[in-house]
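Have a look at these structures, which come just after this line.
Both of the next two complexes hold chain A, though its partner changes from chain B to chain C.
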Partner chain A sequence: MKIAHSRLELNNRHSTINKLVKEDGMRIGLISSIDGSQLLTVLIDPKNGELQIFETSLESHHYPSLSRCLPSAHWQERIVWNMFGLVPEEHPRLKQVLLHEPYSADFFPLRTVSGPFEVPERPHQGQYQFLEVKGDGVYEIPVGPIHAGIIEPGHFRFSCLGEVIVNLEIRLGYVHRGVEKRLTEVNWRKGRFIAESAASDSSTAYAIGFAECIESMFSLEVPHRARLLRVLALEVERVGMHLADLGGLAGDIGFLAAASSFQRIRGIAFRMAELLTGQRFLRAFICPGGVVRDVSTAMLKDISASVSKLQTEIPVLTEMLLENQGVNDRMRGVGRVSHWLALDFALVGPSGRASGIEYDARQFHPDYPDFELALQTEGDVYSRAVVRAIEVQKSISIIESVLDKLCNEESQFFLQLPEDLPPNAIGCSVVEGHRGELVQLALSDQSGRIKRYCFKDASVNNWTALAIAARNNLVADFPLCNKSFALAYSGHDL
Partner chain B sequence: MLKLLTYLLRNGVVTQTEAMLPLSEASLGMPQLSGAACLGESCKLCRDACPTDAINIVDGSSISKTFISLDRGACINCSLCIDLCPTKSIVSDRDPRTAARTRDELVLNSPGTSQHSSAQTGSTSANPFKRSIACRVVSTGCSACDQEISAAANPIFDMERFGVHVVASPRFADVLLVTGPVPKAMHDPLKRCYEAMAEPRRVIAVGTCASSGGVHRDSYSEANGVSDILPVDVFIPGCPPHPMSIIAGLMLLMDRLPVLSDRK
Partner chain C sequence: MTPVFSWIYFLLCLILVPPLVLSIIGKTKARLQNRRGPVLLQVFYDWSKLWRKDQTLSSTLSGVFRSTAVINTVIYLSVALFVPWLAQKPPIDGDDLFLLLYSLALARFLCLLASMDAGSAFGAFAASREATLSLLVEPAFMLTLVALAVCSGSTSLSSIFAFSINPGAGPEVWFLGGIAIFLCGLVELSRMPIDDPTTHLELTMVHEAMIVEASGRNLLLLEYSYAMKMTVFLGLSAQCFLHAYFQFLPVGAIWLCLLSVAGIFGLAVLVALIEALSVKLRWRKAPEFIAYALTMSFLACLVSIAKGATFR
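So, the complex of A and B:
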């Protein structure tokens, strides 16, 4: 993956990035800072995966916001504010997304630069202010942070008119654990475990991203077999999670026969994960340099057997789901996100592809030759289900071809890396997890330790989409909408 | 409809018939101490590699006096220590019944050492929940633990057959299942959820994060596990714990820890 790193003056930042995104079709991958005295902007070229990292020095803790021209920047600018105290001027709605009231108001966890610092308008002073919708008959429904089902915590504030949602505000940050800071506190060799537990249901994507990020600091290529095993792990994870999400959608409309059948075949995906890595959630398998252990041909054969089982089951089951009359009635036309809004907010993953966004980080990844995109255009709950159903089958074919290659080659699966990271290096990676694009960026200090590590989970882009999709829909359809985006709270909150 | 019924009937009952089985051969499980002598000072490979500092080695005057203590409550079952140990003092444990009633019991010691922690321990009075419990789940972590609780309720493991069901409000819950390390913003919601429960009530910490904070311990988010906030009656270690381990923990709470059947 080609990475270009350059400086960009604050005066030119707005126009340069605006042009690169609007005219040259680049995407904003990540906006962050190292210690609070500069901005880092990572742009991704979706055509070939080339990355441009811009570093902009700041004189003060104010900078012009990009969000009014490039809405996809709006959430990340909030995060930068919360973590570093950097204020994006003219941001349409700056609010606290990660730190809650119990934190002291002048606490900016990742701001490490010394020198005078006048604490800006507090991101979390007093009570959090929800957007208020006024008018006759408008009432609010607060939900969360603890939900009725078995899911992560977050707060939804619905403003409703009758049964219809007028506005939904999403408040997150309940599971902010300080993952990025922790990564600067431990030896980089232990970092992969922290990356994995950022959001363990996509631990493979996080682990691969972490490994590729470190490897790109060393400018190293890992052995071919390791790359194949990583693809295998990532696709097994995708199959498992897509099946779980399809089952969840069926469960949310009370189609329990389908829901439990999906849970059952998800078990097969878990079994594949266990055969491959010894763990159902594929943890502790991928490491910088390759993978931790090889997989024997006998194991590969067992995995193959599971693949065949899935191959017979999945088409039958997805057909039963997608052609069911009740499913069509409940899911079509519900929770729509138009193509234009999806573009503006740079939606990623199945949610983006269901709204016609032709972007999947696998399309430019060297380990995915002949990759084909799953695309739908309606942008409703049904399309998101269809995209997942198609992707499961595609992943199964990828798994098959990778298994073939693995059986026919013998080679190294691991490359020993030096003890210290190269000094003052920068590394970056983009991985398509089951939720979509996951960006990671690492910087090392003079002595080869990690001085800054950032993640941008797919959910950072996609949470806005849920707020858009819920609007003008029935309150009763909200759980379905929510499920169809399969968002991560922990991946967002870190 | 007919298609669906045929499909369901063709697949029959898929639920595991035994209550508790050893984890499969492919599974790594959690580490356990085999009793084989440890090399002590000259080695310490496991201690240095452990991502959560779960291992402590107390050097004695000779090999036979060298002790390992391994805190499963901090262990994220990465299996590094098992892979590294040259003397096979640490091996993998395929018994899913890893839950314990106290934090101390999660610390495995090779004979001769003892460890004490200050974690709050739950109720010691007679157990009111022997046959059936209604559980409320509060997630404060990364969702993998939650998904394993859901999996424990799926058609394969089916915890309802042991009298465990998940309810949607603390008001009618007997047991609070907490996952995740409970970071700062969840301290208060968790307390309030507990206070909303009627007595008698019990708390189970599900997963390594919930047991000790796991990889997040001592971060600025004060995510040090459930026992910093509430008294805990059962700890279930693992990152995430296997669905059978979760069931074992629930059964332990009901004084009905199942015996381990043989894997056929």
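So, the complex of A and C:
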């Protein structure tokens, strides 16, 4: 993956990025800062996966916001404001994301420089202000942060008119743990354990992203066998999570027979994960330099037996779900995100592809030859389900071909890396996890330690889409919409 | 049948059938999902646990919430005492069909008040849904009972469900009535495809969200009265089918007693089947489902009037 790193003047930043995104079709991968005295902007070219990292030095804590022209930047600018105290001017809706009321107003956790400019206070400290919808008969339903099921915490504030949602505001940050900061404190060799537990349902995507990020700092290639094993792990995770999400969709509309069948075959994916890594959630397998242990041919045979079991079961179950008249009734036309809104807010993952966005980080990844996108255009709950169903089948054929390659080759699976990171290096990776593009960026200091590590989970883009999708839908359909996006709270909050 | 036996039979059914109906539904649903499911006595264990638990009460509660569970239990118990849901004359007289309708309405009204009293956003929300549903389903239920009443020429439930061979009431009326009451029951009891009782999603709930603030003995009473209501509905529906069967093949009292209980359990299995295999309807489609019940009751009415005109 090619990474271009350049400086960009603050005066030109807005116009340059705007031009690159709007005219050259690049995507905003990540917006952050190192210590609070500059802005980092990572742009991704969806055609070939080339990355451009722009560093903009700041002279004050204000900078012109990109969000007015590029709405996809709005959430990340809020996070940067929370973490570094950098205020995006003319941001349409500047509110706290990660730091809640108990934090003092001048606390910016990732800010490490004190000068040359003064630190602003966060306004709106005190009670968080939800957008209030006025009018006859509009009422609010607060839901969460503690939910009825065993899921993660997040607050939804619905403004409703009868049974119809007029506006939904989502408040997150309840599981903010300071993962990014922690990664600068530990030895980089142990960092993978923190990275892969950042969002546990996509631990492989996080682990691969971390490993690739570190490897790109060393600018080295890992052995071919290690790359294949990583692809295998990532696709097994995708199959497992997509099956769980499809089952969850069935469960949310009360289609218990389908829900439990999907749960059952998800167990097969778990078993594949266990055979592959010795761990059902694929933890502690991928490390910078390769993978921690090789997988024997006998194990690979076992995995391919599971693959053929899945191949017979999945088409039957997806047909049972997607051809059902009641399911069609419930899912079609519900929770629509139109193509242009999806473009504006840069949706990623299955949610983006369901709205016709031709982007999947695997399409330019060298380990995925002849990759085909699963594309739908309607952008409703049904399309998101269909995209998942197609992707499961595609992932299974990828797994099959990788298993073939793995059985026929014997080679190294691990490359010993030096003790210290190269000084002042920059590393970046883009991985397509099961919920979408995951961007990671690392910078090292003079002594070869990580001085800044940042993540951009797919959920950062897609939470906004949920708020859009819920609008003008029935309150009773919201859980279904929510499930169809399969968003992460922990991956967002970090 | 001697009165002593009749009483023993009635009391046994009153105590055992309501929890067993819930158990059977739970067990069947579990089996349909390849799970083993809870033991049949699980509902008894749950209820005894609730009995021993303390209540958590919101500080804004008034007496309405506290008294609702008790009053509802009394209402449903008395309904069980005057409605002929088993194949025998109910213990209490004065069994007018309108008394049944308005007892149910009263219990529902109190439940709506209580759920709004508890002050949670979901409670009031669910109350509005429940009110909407009951508004739609009440005419269907009423028409069905009236159709049956036309056949027997009386609005007294025990003379309607009297197992008399009446040429004015052929098996068709009974059959249609049984289907209509079963469909009304699904709506009244917030079962699938109107409401998913197993869901944890508050935003989609009807019945569960109304009782979400109840706990301890309060919850026990609400669950018990719910089970009672379910038994009465399934019982009435089973009685209709039994009457339809009786028109062809009259059987003895003992057989009727056994068949009544078997009918209730059979319908419970049917409820479970529907719940495992169907998809919950969109909220806007709920009236369409209720329209099925209404259609059945209309048909029952037409048939009974036509037959009445022929034979009287």
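The working rule: the second predicted complex is superposed on the first by the 487 of 494 C-alpha atoms of A that agree within 3 Å, B and C clash if a C-alpha of one lies under 4 Å from a C-alpha of the other, contacts with A are read in each partner's own complex, and residues count from 1 in each chain.
Following the convention adopted for this analysis, a contact is a pair of C-beta atoms (placed from the backbone, for glycine too) under 8 Å apart; a residue touches a chain by one contact, two chains touch by 3 or more.
Note that the structure is a prediction, hence the values are computed from the model and not measured.
Colleague: Would chain B and chain C fit next to each other on chain A once aligned, or clash?
Modeller: Chain B and chain C fit side by side in the superposed model.
Colleague: So, A:194: does it touch chain B (first), chain C (second), both, or neither?
Modeller: Only chain B is touched by A:194; chain C is not.
Colleague: Of chain B and chain C, which one touches more of chain A's residues?
Modeller: The larger set of chain A residues in touch belongs to B.
Colleague: I'd like to know which partner A:264 touches here: chain B for first, chain C for second, both or neither.
Modeller: A:264: touches chain B and chain C.
Colleague: A:148 in the overlay: touching chain B, chain C, both, or neither? Say first, second, both or neither.
Modeller: both
Colleague: In the superposed arrangement, which partner chain does A:279 touch: chain B (first), chain C (second), both, or neither?
Modeller: A:279: touches chain B, not chain C.
Colleague: With the two complexes superposed on chain A, say which partner A:218 touches: chain B (first), chain C (second), both, or neither.
Modeller: A:218 contacts neither chain B nor chain C.
Colleague: After superposition on the shared chain, which partner residues are touched by A:253: those of chain B (first), chain C (second), both, or neither?
Modeller: Second partner only.
Colleague: Mind working out whether A:326 is in touch with chain B, chain C, both or neither, as first, second, both or neither?
Modeller: second
Colleague: A:128 in the overlay: touching chain B, chain C, both, or neither? Say first, second, both or neither.
Modeller: neither
Colleague: Counting only touches as set out at the top, which of chain B and chain C does A:478 meet: first, second, both, neither?
Modeller: The second partner, chain C, only.
Colleague: Which value in Å is the smallest Cα separation between chain B and chain C when the structures are fitted on chain A?
Modeller: 5
Colleague: Chain A residues touched by both chain B and chain C?
Modeller: Looking at chain A, the two contact sets intersect at 148-149, 257, 260, 264.
Colleague: In their shared complex, at which residues does chain A touch chain C?
Modeller: By the definition above, chain A touches chain C via 140-143, 147-149, 163, 252-257, 259-260, 264, 324, 326-327, 329-330, 474-479.
Colleague: Contact residues on chain A for chain B in the complex?
Modeller: Residue list for chain A touching chain B: 99-100, 102-103, 107, 109, 145-146, 148-153, 173-179, 181-182, 186, 190, 193-194, 197-201, 203, 244, 257-258, 260-261, 263-264, 266-267, 270-271, 274-275, 278-281, 283-284, 292-293, 299, 302, 316-317, 320, 488-490.
Colleague: Show which residues of chain C lie in contact with chain A when the two form their complex.
Modeller: 29, 32-35, 121-122, 125, 129, 192-193, 196, 198-204, 275-285
Colleague: In their shared complex, at which residues does chain B touch chain A?
Modeller: It is residues 3-4, 7-8, 11, 14, 24, 26-28, 51-52, 76-80, 83, 137-151, 154-156, 166, 168-169, 180-181, 183-189, 193, 209, 214-216, 219-221, 223, 239-240, 242 of chain B that touch chain A.
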